[in-house]
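Chain lettering (A, B, C and D) follows the sequence in which the chains are written, and residue indices restart at 1 in each chain.
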């Protein structure tokens, strides 16, 4: 079985790994599609992010879908041949956070492809994956594995819109219109947003933002004044989904949010400087959003029912033999939205 | 009629001003007590804060109580001789924010002693104040005007605890234990907080914090490690009231808040740098809180019913002839908590 | 100018009324479409509902749209020839409820066609209506006045889904699939509901429910056991929109709601008997929902943007000379969903 | 070991039962105080309630406190001699409800002294109780076991006030001022309620209500018009805690709640008839509240810290040899508030 393994920054290898057998309650999945995520790219380009570093070889990947090839003992509700999206989130369901329904903060989380704990949690970019049955969500007939592999990043944005509270009739700003920003547009619309303005610094990205539902896009590198105009009368937007991790985007959002507006922070960066007086005087709420829990099932459900369409965001599919090219391409925002591997 | 007027930084004068007559729906109040607030001190020391500058002589003051001396036409429910706390907040009740019940964000707010608009809104440090009847809240028998003059800053902290949501059973951190931090301790307890830890950099201040209800105090200048210990298992506190405006206090709070914890920002500072990744990974909520609306009536009510005791925070009373001394003393945290003027 | 006037139960007349002139801030609208609502039918069939009785002749109607014919002094943002939906809701914007943003509970509400106060509030089933400019919301090009006249009942259901809180990913039951129930289906979907089951006692109505988005329909007169099956494991639905006013529908909803589920009561009936122990043991929330406020603008906006399609619910259009037939037909659920008058 | 066992209605026996040994993670507690609850009285008087019937002998009781006599293997944080309140709530922590943090709706709950499942869950009115260590909460020095045994019913009311949302500054009505109503008064005050009006049909009970914090009491059997007066201007109270289970109390609360007021239903009755139109027109929220989860620890904490005082509600203590007298007395509201057994 081949797997995509990171050894260090810029040292990505496709290696053979021993196959595993499905134990009780588990299934064996032939992975067919795997989306490359920003965190995968961080491992590839920088060997980690923040204080998290790759300290031993680790299989990357956590956005995967495939077909069930074998069932362990006692598995019901799934059958060989079923096509499934596999959730990378494996909370312990026993710690204090899990027993409050806050599984995304599990103290013992084993999320695929994470170098946070040691030993690292091996990821899902591999030809065969043995997973718990409850991680596997059936994909509707006629849907491609490629679409199904969007379930994970879409779940991230569904969690983000849940964090924002009810969006019905709300005016929404999305800053950073890469894969997560674009999926946030789809999620915000599904949650009832009535008007969505998206920004980025690249026109190619903004074309996609409009294609998936933004009512208006602004290239803030060239037309920042168009965004500034929304600051009249203390601000215009009810909710800001910040998906760039960029300090300038955070600060501009604070300017154009109306009093008691909510800034949901999706993008990861380092330290950012914020104008405390404005947060106070406008009573802004800044809320972090991290991964997801029940939203994975919802993501698959919405994709299955075709209530949303994620296909426009798939910009390239590469075979395992082109894994390096896939990672290089995925990192080039001018050409790529979501790049997937084919196994 | 004498009034306390700021002309420029360090140019504070007690001046004669013409008396006014109570019009329809108004009352004339003989002001007896006026608390000096941090914003008064900013005008005195710096001539303003941020972009707000004193551009014409302005009467300071917005924490006042006194006795009604005359009633305008059509006033009911108040009588000459009634002792009242006077709310400095005068929203227009007609703009979009007011008609959503968000009067503290009124586009046409006329808050006493504010240099934000031009002409400035004159304040309430004067011997006679003509106010709308609805600004005046009756004080219970046996309560001093000095206690009643705490209604305004206490209302600020009641609004802050409302912004935090239900506090019943919550663990609360208060950073910055000056007048606002100390009143936040009282407000948090009144709202059901079960455990309150307060910090400051001065021991004298922390003595008061314990006196008004903090279960534990930490001098973070000398014993910061005691606070750090609360960061185990992703954090301990449910809510953090940040009343110092200090970047270090903000950052330490993010460390010791549990996932989905809420940081309510009361203190005003300039730009502060925050660790975006931690806000995201712990799904922290940072919420600004600004002034108050219906909480003024609640503040008077709670003081009237003696459900709270603000007296320990009154550290000095000065006559008008000692106004300069009062302002100098109020600015010295080692000696003063709340300093009031007597008219 | 002709108007549709109720004098007493079954005494509906098309009468001449003097035309009015648009005063300052007002506009004159030539009404083109007017939807007959359940409350109009109550006045027609029973002369009122509950303790509300028709005590003087009253023009009926509050679901109207038309074209602006004249502008009063000082009106901006509207022009002669604009096609508009007219909100029937005229709160005072000065009472305690209005100043909390709860305008639908205004103590001085003047809602079109209401016999609650005396003199009654005259309605909008008339050829010319003088309204405040702020009541008028522009209709997008290409949209019919008939679609625009759905703004009012759609706003009622948008308010209902707002009352339910965020619906993203929620399982929804709608009981009573007449015009309000059907619009609730549309509104719940727009607010993110992932699965919608609708019930009624007439198959003809359920066909429409599926047409506007119900995933499944159940005729509870003939197949009640299909609904009962959802009570396993303490219940299935997160939210129940009760639009029938029928006691049996309320009670069946309590059975199939999951613990902490929310029952939003839209339908009006008299006294209903509920099983208190079940409300307690499952911690059900029953919430009334009444009219709307900011949701009127949202309704027009969603119709204008074609994010929703209300056309399937229009089952008949009658001229003024057929007003009696229109009212008789509107009351026959086997044949009619929404019946409108044409002026 | 002696235990208090119900065999059928009016067939209560003090019987010998074999002692148990503390297994791993468990402790053996010598029970010292056990409060008689309304559900115990239902088993005694009626052999059950609703469809729940005693079908085999069952030890009653779930409000208990005592002293640890032995520790099972692996228990830490507790020592022999510790005095503890024992939570009767034992959720499975594995079902869907538990993993959402809704343990009080656990599908496999084993709550002491419940005839709901078969075999019945044996209760805690026994001289020695073997419990899980996590059920045991240490009692502060100087506090009696009798006070500690209030933790359970107090937790019920703390959960009820949590269900109501933030109470700071709210006006509260409590109907039914027996043990649960009286504890709801204490809990509402601890949660910030500013004004509490309590009702009952017996003056003796209302004396206690005032003693524990009600601002005003109304005997609705003799002075119902005093309550009716609160219905002016659409109503007065923000929150109504209904602890009587009585239909008249529910209906009167709907009259005097303000629009969007919340009725929290604590009391258990059978079917009650409610005016649907009023629930709709005032947008009332009726919320059931059932048992508790994390509030048990909070109850012990608040009692330990002496932030609340439950002692005034203890009206009698009876030895095991007087168990029948205790049950008879507990059922007589004219003489008893909370009656406890001594073991």
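One rule holds for everything that comes next: contacts are C-beta pairs under 8 Å (C-beta built on N, C-alpha and C of every residue); 3 or more make two chains touch, one makes a residue touch a chain.
Because the structure is predicted, anything quoted here is derived from the model rather than measured.
Enquirer: Hey, how far apart are subunit B and subunit D in touch steps, shortest way?
Expert: The least step count works out to 1.
Enquirer: Which pair wins on C-beta contacts, C-D or A-D?
Expert: C-D
Enquirer: Taking each chain's centre as the mean position of its Cα atoms, how many Å separate subunit A from subunit D?
Expert: Chain centroid spacing, subunit A to subunit D, equals 45 Å.
Enquirer: What is the distance in Å between the mean C-alpha positions of subunit A and subunit C?
Expert: Result: the chain centres lie 39 Å from each other.
Enquirer: Could you check subunit B for residues that touch two or more other chains and list them?
Expert: 102
Enquirer: Using the touch definition from the top, list the residues of subunit A that touch subunit B in their complex.
Expert: 49-50, 96-97, 102, 104-105, 107, 163, 233-234, 245, 250, 259-260, 265-290
Enquirer: Quick check on the complex: what are the subunit B residues that touch subunit D?
Expert: It comes out as residues 158, 161-162, 165-169, 190-192, 194, 294-295, 298, 301-302, 305, 307.
Enquirer: Any idea which subunit B residues touch subunit C in the complex?
Expert: 93-94, 98-103
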